[in-house]
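Just below sit the structures, each encoded as structure tokens.
First subunit A sits with subunit B, and in the next complex the same chain sits with subunit C.
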Partner chain A sequence: MDSGLRTYAVKRIGFAALMLLGVSVILFTIMRLAPGGPEAVLIGGEFSQEAAAQIRQRLGLDRPLALQYLGWAGAALRGDLGRSFKTGDPVAALILDRLGPTVQLTAGALVLALGVAVPLGVLAAVRRGTIWDTLGSAVALFGVSFPSFWLGIMLILLFSEVFHLLPPSGLSEYGREGELSARLRHAVLPTLTLGLIQMASFMRFTRSSLLEVLRQDYVRTARAKGLGGGRVVWRHALRNALIPVVTVVGLSLPTLVGGAVLTETVFAWPGIGRLAVGAVFERDYPVIMGVNLLVATVVVVANLVTDLAYCVIDPRISYR
Partner chain B sequence: MIHAILLALLVAIIGLTPTTSPAAGKDFVIGLSGDATSLNPVVATDGQSYIAEWPLFDSLVELDQGLNVKPLLAESWEVSRDGLTYTFKLKRGVKWHDGKPFTARDVAFTFYSVLDPKVTTPHRAYFDALAGFPELTAKENPRRPEELAVRPIEVVDDHTVRFRLRYPSGSFLAVLVNPRAGIVPEHLLRGADLNTAEFNRRPIGTGPFKLAEWRRGERLVMEANDQYHGGRPALDRLIFRIIPDSVVLLQELRAGGVDFIENPPLTEVARLKQTPNLKVLVADNTSYTYFGWRQDLAPFTDVRVRRALYHAIDVPTIVREVLQGYAAVSTGQFPPSSWAFDPSVKPYAYDPARAKALLAEAGFKPGSDGVLTRDGKRFSFSVRHDQANQSVKDTAVIIQEYLKRAGVEVHLEPLDWPTFVKKLFASEFEGIVVGWTNHHDPDPFAYTIWHSSQWKGRNFAHYKNTRVDEALEAARRTGVTAERKKHYAEFSKLLMEDAPYVFLYFQQQVYVTRAGYEGFVPIPTFAGIYQSLKSVRWTGK
Partner chain C sequence: MTAPARPERPSIHSRASAGGAPAPRRPAARTTVFRRLTRNRRGLVGGVVVTVMVTAGALAPALAPQSYSAQSLLNRLKPPSAAHWLGTDGFGRDVLSRVIWGSRVSLEIGLVATALALVVGTAVGSVAGYFGGATDTAIMRAADVFLSVPALFLILVVVALFGASLAHTALVIALVTWAPVGRIVRSECLSLRNRDFVHAAEALGAGHARILGRHLLVNALPIVIVQASLLLGQTILIESGLSYLGLGAQPPLPSWGNMVVEGRQFLASAWWIATFPGLAIFVTVLGFNLFGDGLRDASDPTLRGHSP
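Right, the complex of A and B next:
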């Protein structure tokens, strides 16, 4: 690594850390600006002012906001994200517990989306203006048009209630967690729901990017050399066409996580998204902070890695 | 083609076969919309926690379908002639889930914990009648039980426990029932902070089921307690699955993934009744939904205005349209199933003409925009309600429409629950529509909602009527049911005369279960049906 790049990397990492600090301050403030508080949820229907005051004191919510933030941030720096207001479990353990299902869901959806979108995009680009193109566009339109909560419920209706083929919700059945087939059966509908929504934009990007590449000189040269149509498209054109698609995949990460929030709620999928939704409704501040910090870190790190990777991959980019 | 290949692959991997329900009759799967908070009955107070801790902990006494108490951990009891001493004989041979014997010390420990001001629990107020209550629960320098001249709870021997009261209380036995009064083990909790104890996540009780697993936000699994003092339950396992979406919950029931759900969308109930392998169970409830307002804000200070609002709203139609008939019209604080209910109290009938006349009498004149005005002020106010409760939401919309016809303008303000509750208790509202928990005994809630000493508590609408105060106090301080009944009848009449709210309805609890499960007892109180899980069995029919 040359020194210019090293300085740049150090700068970028420092900036990323500052960014996370900023995000945590903003999150903390916004979260606490929202009306209501956890005490109403913790007490339930038999609310009393006395019990509420007691809970606020126990949770440290009666202290000045700035002190609360400093307390939280200090502990977070030491790796302690606090305990859930609702259950008393350590936030880190709650998140760790939910990470697996979310990674499984989002990774599965991403693979599915790419696996379908890229071939469809290629087909639509190569056969531009034919029925394949229209069909591809229709699929894309379908994907972007329907919100995941609606799509999820429709898929459940079709596959569980009408055809009795797949279970409607959950990660697995009790006592069958170890069985791969049970887990896969439960994963089909949520993965499909989340994947379909991503599919649309990936397909459109593949199509337009490939169309552009196909018009370029080197493709014409390849064709002129007498290479077969398939070989030109798959070996020469697609590889270049996929570069912007890969960028889009990277950028789609927050969307994917956002989609997972809804999808996990519909399918009672015990992942990070549901943890976050529950925490927001219950004003479980430590959990809200923990989950959002995790998502922010993932996004910041992903951007950092992308930026650093650019200059490693592409020799034309240099930093001073 | 690609789709076909993918589908073929999928089928090959997963081996698509129709879904089957888990071992019928052995695992009973209950669908819940949310997870429990705590499984310790001393500190658990929300609905989901009540449902989940109930099968794990037994209380001294339990309710029957007529809301009378019957023995559970207490075999029998004696009440002294002056009504101030209750002596309970405890069942022998009862064991905690960890095998240790259950004794009178556990009972004393449980209720001293409830009284301990360091413990966060709204149940404390229900024990107001206990001797030493003010000293033990004082915010500043609370006394310890040993420091009192008279022990409020005395362990006579391993199987006898005595409670001493400072005034005769008709509600004392009634507050000793689940889910608010499950007995917790002293040997595991002594010295622990009950608010945060690990026990609350891994509880040990004396109940018919033992906790096997709690995966937060996903499921709770309980296994039959072979040593249960009332005989081993017929079901091997209770599996509570957390499924937040009500539509998906319903689909899980139809697909066989769950065997029991509560509160399906009411518009679906007729269809569910037609489904051959499902059974709909209905239980009355003690909680009512009302349309209320701040009693101390004009123009609600004028009784003519309050009665006019009552006359302007057709409650039976709301019950029919919004609740699909699964509710009883409310005439006050007490449900028709309660012994304190007085059938002679009648609500103000739907009579738009009368409503208009009363408002005119109160000095309101129609304004240019159709809204009534008085002294240049339009009769317009906001009504806050919980945005997540569908029947409350629909009710609020209908009320808005009825009042518009009467010349009163209502702005609806749906709020999320934590915000709504906070505003409610801070008395930050003009009007509200809310469904509220209620106790099966009349005292705990009638007193805290309507007594004028409770403005900082549940009387957040700021109601005050000295005659009502007197009736409530008199009813509280007698152990004789006939006398209590008389005082509560007086209270109910006064309340309806004042028309402090439009009492709307007591919504019923609707449950759907798979046909073949028998033994449910729909006790007419909140979540009362869950008490009968120990008697539920699979008949296969």
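Right, the complex of A and C next:
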């Protein structure tokens, strides 16, 4: 690794840390500035000022904002995300419990999206102007226009209500211990929903990136050498065309995780997204902070890795 | 520190990758754009869809056959018929009327949020692109922070804690959508800034404000307009998602998102309640996307067929 790249990597990692700091400060401030607090939800119904003050004191909400933040950040750095206001469970344990289903859902959707988008993008680029190209455009256009929750409900209508092929909603508690086939059947519709939405941008990118690469001199050289069309496309062109696609996959993580919130709600999928939605409604500050910090970390790290991978894969990129 | 060139979102990238900026436009050029747009079939279809939806929303009191809240318990869950074209919901309310009224919430929030995001994104992006250096770095890093937070999470937190008024929703949607606009305007201004006509203006003694306003922004305008159309589709999608989570317009005020939620419970017996409002979202967003793509092709023929 040469020194230029090392300096760039160090700078980039430092910036990633700063970014997480920024995100956590912004979120913390927004939450504490919001009118009303968790006491109303915790007590429920009518309550006296004293009772509220007592609860605020117990939760440590009476201290100055900066102190609260420092306390939270210090503990978070040691891996302690605090305890849920509502249940008293450690936030880290709550998150860990919900992590599996969300990872399964998003990873499945990502694989499905790439598995369809890349071949379709290649076909659309190579057979430009044919039915494949039109099909590709349609997928891309529809994918960015579908409201994901509605797409999910329409899939339930079709596959569960009309054809009775698949279960309409998720993975309840018993399902998680259930046998593999039952779990897979529950996963089909949510994965399909999230994957179809995500397909659009991957397919657009594969197509336009491959079109760009196919115009390059080395592709013409490969063809002139007498290599077959398929070999030129798959071995020579696609490899280079996929570099920007890798970046887009990294950049699409926020959308993917955001989409998971809605998809999980539609299918009653016991993941991080539903945990976040519930925590927001109950003003469970530690859980909100924990989930958001986790998601932001995943996104920031993914972007970091993509950027660094990009530098290593493609020697033409300058890192100063 | 120069980050490696990152491709931006699809619609953005395909434009930016073409490199060349459009030449300064004169009225004649504008008519050509309009003529090209009318010849572009997809753009035309998008334009018609958008016009129909906006008109329906604006004329809702006159167009809707019934009030959005008129209940008739004798007419609960009736399938589509001559009397109720799109059927009735669980309270016996006319679904067609509610879809027409519901377009108001979606379009109002979409328009306000898009306008805000465009103003902020254009201002910030043009300043970053024109001045460059430390200003550019600082602004674009701040934009990166906003691009890294999953938008829906941030919106969820703000709307749930501060309350779901139309103004709040529009404001926070703008907060998470200005950054991509800023990036595009910046890259456009970066390439425009070294063109001869800008140097000429500088040589003639024009100040920063004049160069930015009269030369850069005017020439970046076509790309901003294209973005406006695509962004409108996006903001409508975000708003409907919030409504679906119960954080948008509150019942009985209909929004397409909360109508889909209400229909979810009757899915087995009355499919039409959830289907039609969702279809309205899909068609409207599709319309804005088609129109935006059409506008882009029309304003820059070099890109025709380049992006899907």
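Please note the rule applied: the second predicted complex is superposed on the first by the 274 of 320 C-alpha atoms of A that agree within 3 Å, B and C clash if a C-alpha of one lies under 4 Å from a C-alpha of the other, contacts with A are read in each partner's own complex, and residues count from 1 in each chain.
Keep in mind that, in the parts below, a residue touches a chain if its C-beta (ideal position, glycine included) is under 8 Å from a C-beta of that chain, and two chains touch if they have at least 3 such contacts.
Source: prediction; values computed, not measured.
Legend: residue contacts after superposition of the two complexes on their common chain; A:F47 is shown touching subunit B, with no touch to subunit C.
Contacts of A:V144 after superposition on the shared chain: subunit C is touched, whereas subunit B is not. Legend: residue contacts after superposition of the two complexes on their common chain; A:I153 is shown touching both subunit B and subunit C. In the superposition on chain A, A:E161 contacts both subunit B and subunit C.
After overlaying the two complexes on the shared chain, residue contacts for A:L105 are found with neither subunit B nor subunit C. Of the two partner chains, neither subunit B nor subunit C is touched by A:V126. Looking at the shared chain after the overlay, A:R283 reaches both subunit B and subunit C. Touch criterion met: A:K11 reaches subunit C, while subunit B stays clear of it.
With both structures placed on the common chain, the touch criterion links A:R204 to subunit C but leaves subunit B unconnected. When the two complexes are superposed on chain A, the residues of subunit A that touch both subunit B and subunit C are 34-36, 149, 153, 156-157, 161, 265-266, 277, 281, 283.
Within the complex formed with subunit A, the subunit B residues making contact are 2-3, 6, 10, 13-16, 18-19, 22, 27, 29, 34-35, 37-38, 45-47, 49, 120-123, 125, 195-196, 200-201, 215-219, 221, 239, 241-245, 247-248, 251-252, 254-255, 257, 287, 415-425, 436-437, 456-458, 526.
Of all residues in subunit A, those touching subunit B in their complex are 34-52, 54-55, 58, 86-89, 94, 97-98, 115-116, 119-120, 149, 153, 156-157, 160-161, 164-171, 173-175, 181, 184-185, 188, 265-268, 270, 274-275, 277-278, 281-283. Residues 1-7, 9-10, 13-14, 17, 141, 144-145, 147-154, 156-158, 160-163, 233, 237, 240-241, 244-245, 257, 260, 263-264, 267-268, 271, 274-275, 278, 281-282, 285-286, 289-290, 293, 305-308 of subunit C are the ones that touch subunit A when the two sit in their complex.
Of all the residues in subunit A, the ones that touch subunit C in their complex are 8, 11-12, 15, 19, 22-23, 27, 30-31, 34-36, 124, 128-129, 133, 136-137, 140-142, 144-150, 153-154, 156-157, 161, 200-201, 203-205, 207-208, 211-212, 244, 247-248, 251, 253-255, 257-259, 261-262, 265-266, 276-277, 280-281, 283, 288, 291-292, 295-296, 299-300, 303, 307, 310-311, 314, 317-320.
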